[in-house]
Amino acid sequence: MSPRDRILAKLRAARPAEALPAPSLDAHYDPRARGESTSARAARFRAGIESFHAEVHLTTDAEWPALLARLCVDKAVGTLMFGADTPSGRRLDSAIFAGTALRPWAGQIEDLKADLFHRVGAGFTETRGAVAETGSLILWPSDAEPRTLSLVPPVHFALLDARTIHPTFFDAIRAENWGAGMPTNALLISGPSKTADIQQTLAYGAHGPKELVVLVINAEGETQ
Amino acid sequence: MSAPTTQPGGETRPLAFVSAQALRERMHAAVNDPHLRTSFRGAMDFLMAKRAAQFPDESELTSLRELSEGIRQYSLSKLPDLLEQLETNLTRNGVHVHWAETPDEANAIMLGIARRHAAKLIVKGKSMVSEEIEFNHAMEAAGIGALESDMGEYIVQLAGEKPSHIIMPAIHQTKQQIARLFADHIPGVDYTDNVDALIQIGRRVLREKFEEAEIGLSGVNFAVAESGTLCLVENEGNGRMCTTVPKVHIAVTGIEKVVEKLEHVAPLFSILTRSATGQAVSTYFNMISGPRKPDEKDGPEEVHLVLLDNGRSQAYADEQLRKTLQCIRCGACMNHCPVYTRIGGHAYGTTYPGPIGKIVSPHMMGLEQTHLLPTVSTLCGACGEVCPVKIPIPELLIRLRGEAQSKPHALPAMVGQGAGYDRLTTFVWRMWARVYGRPGSYRAFSWLASRFRMFAPSQQAGWTAARTPLTPAPRRLRDMVRNRR
Amino acid sequence: MSSPTTGAGQPARSYPPRPAAVYFYATCLVDLFVPEAGMDAITLLEREGIRVIFPDNQTCCGQPAFTSGFPAEAREVAASQLDLFAEDYPIVVPSGSCAGMIRWHWEKIFADDPVRAARAAAIAERTFEFAEFLVHVLDFRPRDAGAPTTVALHTSCSARREMGTLLVGRELLARLGNVKLAIHDHESECCGFGGSFSLKHPDISTAMVSDKVASLKATGASQVVTADCGCMLNITKRAAKEDQDAGRAAPSLPGEHLATFLLRRTGGQASGEQR
């Protein structure tokens, strides 16, 4: 018998005759549902992710590219890498990015590892949604927007449509039926990379981005 | 590091057999180290306060704990089915699934993968299972570098130690000690005890390694059967690096970590981070369901999952002991344990310290070398009270005390059953039961004890080391009651 | 029925109306080492108009063997106690851990003996920790006759987590007009007694009880009050040893069982001198 068969045999011999009843998640989550507006949800998301040291800007669908360009200048981003083959990526126009080189992702990571690690100042991605309860972005990286865009460059810019914010992580999984099929990689991101491993002292920029900047659109007209 | 809890020169070797006597000596040294006592007390107070702040609503906590316990127990009740479902779905997603009964088998599987890829360096995300199987040692023995990339684990590895806490591995080290460690071990680094500067040094050193390593290793927090998804919880981003940048990703985990549905992960993740470090959520929750697809541009080309038993099926075989496997490794039990606070994590001599270590290590290592561990508890219940999945830790400690002291059976439920059996102790308890189980005998005994109280010894084993002696009262309560009426 | 040790907060429990009589289950530690605590509890109950029955065949609840991993021996002793409570009166226990043993573990140790298990379960239902009984069954309203004082309260881990009676001790002290309660740091932490733990691991036990004594003393309270004699002996005898080593004549941290303290404060004659 293989180790696999031996392990499974031991477990089968010992398992309860009948599986326990499935736990009811609704009984926990339903009474705690809030029924809040998009703007209230966006505000809760914002408070959450800001508490984790992320920077949040409320903007509009029309204005976010210009805001992104300004933020790149503020943060002295030399090169911004992004996925060119997304609706948002197609709107990044070098005309407005004076001073920041726009570099669409091209090729496999093996071809651009050195640049990604050492020369790219920021990565830009869309988001699939967010979680209001915890202040978490939801990303499903894809062939158009690879995983390392939100991981390796020191600054991560993320574009979020407030209408895609879910109250809880549980709601996101349920509403979008994640269980039926997951992408190669899915992520919740709640702030820039951090650690408290040295004497419980919080320090940002451990291994991933040192800064996380979220541009929120469609938060019901609340702009700044 | 000056703390005598660090086994001198021995910590990078595989876990040697720690005898009961050696365990006593380690605990003795730890509890008498004032530096260690102060630093653990401070750290545990900090973590307890942070956890408490995450649960302002008692009813929400109660409901979430019940749900989390329910999910873990449900998952365990279907464990063999869920493991097969997980294997089927991961395989369909392109992940290679391996099974190992022992640490040696697990290491052999991973060494095989490393050799096939001619790997020279493996970067590691935080994985307690890799500690449990002495992965680093096994790789280094085969000439392959295994580098920890979690900041705490990196520090501990540099120092030649083991983690003293399952969530905060370097909690026993001060920033000054870490500053010295970096200055001594990392070329070109000057002494600085500025925490931000130290983290940036770690970042710089380790980023080179993420680029260079052929293989990334990680643990798994939850494995989802229905979708074939491996979930990882982390703050630093090193876990994402290890599972994204190298060409090969190997995940290693215990067989108990599987849940049926993706939605089951949501409450468990929430209660895990809040219980562990008092965070509403960790910075990253990384869900991996397969290797890089043909049109994808990054991610590992090969993903492996190693499922490890190492004594877990022994715990599973007993309805009560099975509850041990509900654990989601948050560490709250150690943060709240008055014993752990006094002796720190190294004194236990096991991969998993604290209350969870006392109930899980006997299954992994056998009772021969762990039979003393369940006795190192006052049964105060602080661990069970905060456990997010409601493991009745005190009850399991009592059970293990019994297993350790029972006469060895022909068909032992546990490896090493009876290893703590001692004729004198057993005789004393037999006699105690004879006396206290017969009211007449007890009356005679207590009358004599009270009558001859002047003969009560002035030295009473461990008691009088720190206390004045216990002396029977001149009159028992029953005498007082009788005389008054 | 399962122990609430793993739960947060107090277990829900319903309380009977004020009874005519109670059984007093003193516990072995009280009988032989701290009889005045038991006597004072009895006096208090009687003063409240309750007839107190002291079953002479009582020995021990079996807890020491049970927690030491000798369930058969615990069972033998517990079995000898099942016949003591023939009438349907409440059973009052002046110790959280012994009350917890009866309430949550007796039924379990007779798991393979349905007859005894049923009797154990019935006994468990009417077993109350002393302070719990005073507050929830008698609604004890003491009139404080003592001088103003500040005391510290130590609640045993069993009372706190198994019996869920953390708040009743505080409630009783709050009902004494001249008594101020001083909360010590790490109030919820164990004193380090743990029965055989204190003998088996004296180093760690000493560290814990020394910290507890220091915390209690730091409040400046005149004394410590507790409803558990194991903790009381551990704490007061540690403090006494510190006094001895320092050559102090007067106790720096005297301690009393809650029953003795309540009796003294309300003009009663406490039975013993031992503090």
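Note that the chains take the letters A, B and C in the order they are written out, and that residue 1 is the start of every chain.
Everything that follows uses one rule, which is that a contact is a pair of C-beta atoms (placed from the backbone, for glycine too) under 8 Å apart; a residue touches a chain by one contact, two chains touch by 3 or more.
These figures come from a predicted structure and were not determined experimentally.
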Computed over C-alpha atoms, the centroid farthest from that of subunit C is that of chain A
Of all chains shown, the one whose Cα mean is least distant from the combined Cα mean is B
So, in whole Å, the Cα centroid of subunit A is separated from that of subunit B by 30
Here the gap between subunit A and subunit C, centre to centre from mean Cα coordinates and rounded to Å, is 54
Counting only contacts in the complex, subunit A reaches subunit B at residues 2-4, 6-8, 10-16, 18-25, 27-28, 32, 48, 51-52, 105, 107-109, 113-114, 117, 131, 133-136, 142-143, 146-148, 151-152, 168-170, 173-174, 178-201, 203, 205-209
Per the touch rule, the subunit B residues reaching subunit A in their complex are 43, 46-47, 60, 63-64, 67, 70-71, 73-74, 77-81, 83-84, 99-101, 105, 149-152, 155, 168-171, 173-175, 178, 195-196, 198-200, 202-203, 206-207, 210-211, 224, 226-229, 235-238, 240-241, 244-245, 255, 260-267, 269-270, 277, 280-293, 295-299, 307, 309, 313, 316-319
The residues of subunit C that touch subunit B in their complex are 2-3, 5-9, 26, 28, 30-36, 38-39, 42, 54, 56-60, 62, 64-74, 76-77, 79-80, 157-158, 160-162, 188-190, 192-210, 233-234, 237-238, 240-241, 244, 271-272, 274
Contacts from subunit B onto subunit C in the complex sit at residues 27-28, 31-32, 37, 58, 61-62, 65, 338-339, 342-343, 374-382, 384-385, 387, 390-395, 398-406, 426, 429-430, 432-433, 436-439, 442-443, 446, 449-450, 461-473, 475-481, 484
